[in-house]
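Think of it as A, B and C in the order they're written, each chain with its own count starting at 1.
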Amino acid sequence: PACYLRKMGFRDCLRSCFLGFFEYETPKVMVVKNRTLGVIYRGVHLLVTTYFIWYVFISQKAYQESETRPESSVYTKMKGTALLGDMVQDMVEYVRPSEGGDVISTILRREVTHDQQQGVCAEHYSVPKANCTSDSDCKAGEVNFDGNGPGTGRCIPYYNHTFKTCEIKSWCPIEEFAAVRESALVEAINFTVFIKNTIHFPKFKVLRGNIKPNKARYLGRCTYNEVTDPYCPIFRLGYIAEQAREKFSELCRTGGVIGVFINWKCDFDIDPSNCVPTYAFRRLDLRKNLPSSGYNYRFAKYYRRNGKEFRTLIKAFGIRLDVIVHGHAGKFSIIPTIINMVTALTSVGICSVICDWILLTFIDKNEVYSERKFDEVSEESPPPTLTEFTLTSYGSTHSDLSEGVAL
Amino acid sequence: PACYLRKMGFRDCLRSCFLGFFEYETPKVMVVKNRTLGVIYRGVHLLVTTYFIWYVFISQKAYQESETRPESSVYTKMKGTALLGDMVQDMVEYVRPSEGGDVISTILRREVTHDQQQGVCAEHYSVPKANCTSDSDCKAGEVNFDGNGPGTGRCIPYYNHTFKTCEIKSWCPIEEFAAVRESALVEAINFTVFIKNTIHFPKFKVLRGNIKPNKARYLGRCTYNEVTDPYCPIFRLGYIAEQAREKFSELCRTGGVIGVFINWKCDFDIDPSNCVPTYAFRRLDLRKNLPSSGYNYRFAKYYRRNGKEFRTLIKAFGIRLDVIVHGHAGKFSIIPTIINMVTALTSVGICSVICDWILLTFIDKNEVYSERKFDEVSEESPPPTLTEFTLTSYGSTHSDLSEGVAL
Amino acid sequence: PACYLRKMGFRDCLRSCFLGFFEYETPKVMVVKNRTLGVIYRGVHLLVTTYFIWYVFISQKAYQESETRPESSVYTKMKGTALLGDMVQDMVEYVRPSEGGDVISTILRREVTHDQQQGVCAEHYSVPKANCTSDSDCKAGEVNFDGNGPGTGRCIPYYNHTFKTCEIKSWCPIEEFAAVRESALVEAINFTVFIKNTIHFPKFKVLRGNIKPNKARYLGRCTYNEVTDPYCPIFRLGYIAEQAREKFSELCRTGGVIGVFINWKCDFDIDPSNCVPTYAFRRLDLRKNLPSSGYNYRFAKYYRRNGKEFRTLIKAFGIRLDVIVHGHAGKFSIIPTIINMVTALTSVGICSVICDWILLTFIDKNEVYSERKFDEVSEESPPPTLTEFTLTSYGSTHSDLSEGVAL
């Protein structure tokens, strides 16, 4: 504490500090008996209080410390068989990748190019500069970015057609010509995907899963339904598409990426067992009316015939499910509670600012208020009045105490 | 500033504003010489200060600006060979997917169904309604969801058994009948997984990796050990299982998903080279006593024999490692420091609230305090006292200044 | 409100509470006419105000509520063909995994081991303890961790060389001996990757994509260029490498992991259509001068020849692209605005603390200020002065009101 050593001795100084410990300071206050102002003051008061009690504490749960990035693990598995042509297709054929992570795609339609092999064949006519009448039209070794391979320089008949295109080195026959467009796997609408999600809140040491214990037999039969089977994380593809507001037939045609959102909103002030997830589904890729919508990819199966490598090229259209987990957990904690209480009380100060301004600007007619509120002092101030004589060397000690109050 | 233009001329007004610039306002304070109150006041004071200095600044490092979502890159690679039956299995056989991302699974046990091909065969007897005595029991074309394919309508002997089941179109023979259960790859306990993790804090422009430079040779030999080899991110599967408190033999049987947590907690006020990760392991899928625990998936290898497609169906049980990276970095920054200082000082105001309440409610016996603290003013107030005469037209200018103080 | 029931009757009490409603309290203030102090006060004032207006509100947009973790969906597709030796390689050969998720890798160089099959062959000479002169040097069944399989116990010539190594059970021939190192696919520098990213801010219900509508034809041709084609998310591998400040030839040799950062910084106070992403590229794995840098992985193609399983083992070096999406959106909201305003006004209080301290410590020569600022009261205080007589039983009611002010 500032105790003017230069003026009083060291002992006085210590004494002042010591005595300062048994003093308390509180600002002097002017009470304005004014109806309008009182009402305004109370009004603002009420507003602030309501905001904090209702919004901050009740709706925002400011008394809780929260955890928003839990550790999550997703395991997916599809099930279902369907007849395509006279081939039976099970999930081993239709699900990629097979490992069952948080991204899983099922093939709904295929365009298959059988028995491709390295060789030379005619470029597709749609490729720029592919059409030709004589070899002179085709440059050898030229790679056309939109084409399927480098030209050989020869101009040959386009497969069994009359017109000619440049010959290219490529996997032959080229996909555009030889691809067989299979029919869509409409039965897939009944395929099911099992999504197991386990979530862990490290801060609160709580582990939760979206499967109820002792339900092994139940899981064998059920499919998810918000109302009847909320604890059965087995979803029909048809249900998912419907929830995402997409036509399944449309998805079969173009394919699409659908987000499966698992939302955990947990309040650990009540029993954790009440913490159950909700599911939401939304199409993630751009809408149909936008370009390059849909979802498709290519892969190949490789095999050999007497030493030569062949491949079956498959262009797959399907649904990709991206499982996205959101988690939020809250639990009462003393620290945030105090902090928000303080903030609340502090914010009340705002009332004074507003009312002071109103008081001194509009109400203070004949300046009676400001005269009483403000006490002007300059170096050459009038002699201290009676009461102030009580002020002695201690005066100085107030300097530091005042800080607390000034706030 | 509010300077009653209506009352004083414009020049006076300007003058008042100008003069107001060389004035300072500080609240008038009543000093209560009361032991109890003083102690209480100091007490609360101390509490608040301690909280801020110790908790907020020292333990929470509130003087730092922090970054909690760094950019992370994970690259994983497994190593090890083992003898299964008389076949040697290396990682190419056992690790899927092969690309070495942040999710990697190793196969510990397989159930292999050799040489499946499209055809007709007997449905498994466990499938509902599969058992039959005559063709009349089997509906043609009916797809049973739990079954392996659509029925042909015929009732045939169940492979080389005496009883009969309905014939189905499917990949034959069906897995349930023909699957060969291989023994577990127990040697896998000594397989190692190399987890390279690089992390980047954009805000602080710091790039860190979990490998020490110039350690190429070292990495060739070491395996991770918290104590002896903290800088060797090569983990024995056995070590991982043990850390996750799981029996490896158990994992071989059911499979499981284990989270590998890499935690970076960095304080860039000290040398970044001190910022090294810690590793933690925890099983992520639900516990053994819960249903559908474990981890398994199916995939197939395809090949052809004289034009006909065959597949080898493999049901794989194994460990899936999900590498999850958490990062938190902090560095001194002036902004948060100031903000928290202000908050701290502000919070001290809470002391006054409490003490004022105590003062005026409990201590203020004969209302001597409130009489001195509060100065009541109504429109018809007594004539201003001597000292207040010094207040002139400037009085008004205080209106705005007072705001700062009122807070 | 505390109304000393013990002293006044219940009716008085109610009355006091009621009247308290039409009163307003404002702290009494001492005005110090001191140039220095005034200037200091204004200075601090200015600083605080500037900080809040400029930094908090303008640069930090504190008046907005923000969303930092949008839902994002990434779909990637590569394109391009190149001649390797006399084989034409298209993306089906070179891209893994094929599903087109947010992690996609393209193979730039391969080391191929053809026609491996289960059998016995000589261990590589580099493996510790592999070299031998007689069978006695080789332990049967011993698995060397760095080796390719368990020993048979025999010592055989190392393929067509003169020296001998231990024989092992393995996929033969072993990779180290038989791998064929193919030349790098330098044309890959012109391959393109199409990165479609859709982003959704649930809080603001805004869905955005990185493709402009009605641009299907445009997308067929364009490649990304920050200046000329910012809306074309098709990137040349060469461009990516260059942006990541990596030599493409170097990447072909060692491979590498490159992060593709898509940053969405959206202000929904203006038209959402202005919310477009920026792209950044940075190498994510450790730098070249560090050990085990680069990116490579092994996979195999399986086939059969008269009943026997063969595999072609491929060690692939390439570029792995990790697409990482950051999103931040802000929109005006009344709550954060108010909160920050209050904080701002509150922080101004800090000025008083500083100035009070200066005032009472340095300027207050003859203690005239402290004498006027502080009014000391002890139990045995002088008789109340005239003005204070007006204070009656209501005095008590101020106790609670004062709280608001004290802050």
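Assume a contact is a pair of C-beta atoms (placed from the backbone, for glycine too) under 8 Å apart; a residue touches a chain by one contact, two chains touch by 3 or more.
Quick caveat, the model's predicted, so the values are computed rather than measured.
Two copies of one chain, subunit A and subunit B, form a contact in which under half of the residue numbers belong to both partners.
When the CA atoms of subunit B are superposed on subunit C, the rotation angle comes to 120 degrees (nearest 5). Note: centroid distance subunit A to subunit B, computed from Cα atoms, is 13 Å. In subunit B, the residues that touch at least two other chains are 25-34, 97, 303, 345-346, 349, 352-353, 356, 359, 372-376, 398, 402-403, 405-407.
Subunit B makes touch with subunit C in their complex at residues 21-34, 71, 73, 75, 77, 79-83, 86-88, 90-93, 97-101, 187, 190, 194, 196, 198, 200, 209, 211, 213-216, 219, 301, 303, 305, 335, 338, 342, 345-346, 349, 352-353, 356-357, 359-361, 364-365, 367-376, 382, 385, 398, 402-407.
Looking at the complex, you find that subunit C touches subunit B at residues 2, 25-35, 37-42, 45, 51, 55, 96-97, 103, 105, 118, 143, 145, 147-150, 168-171, 257, 259, 261, 282, 284-286, 289-292, 295, 297-300, 302-304, 311, 313, 320, 322, 324, 345-353, 355-356, 359, 372-379, 381, 384, 386-388, 390-391, 394-396, 398-400, 402-403, 405-407.
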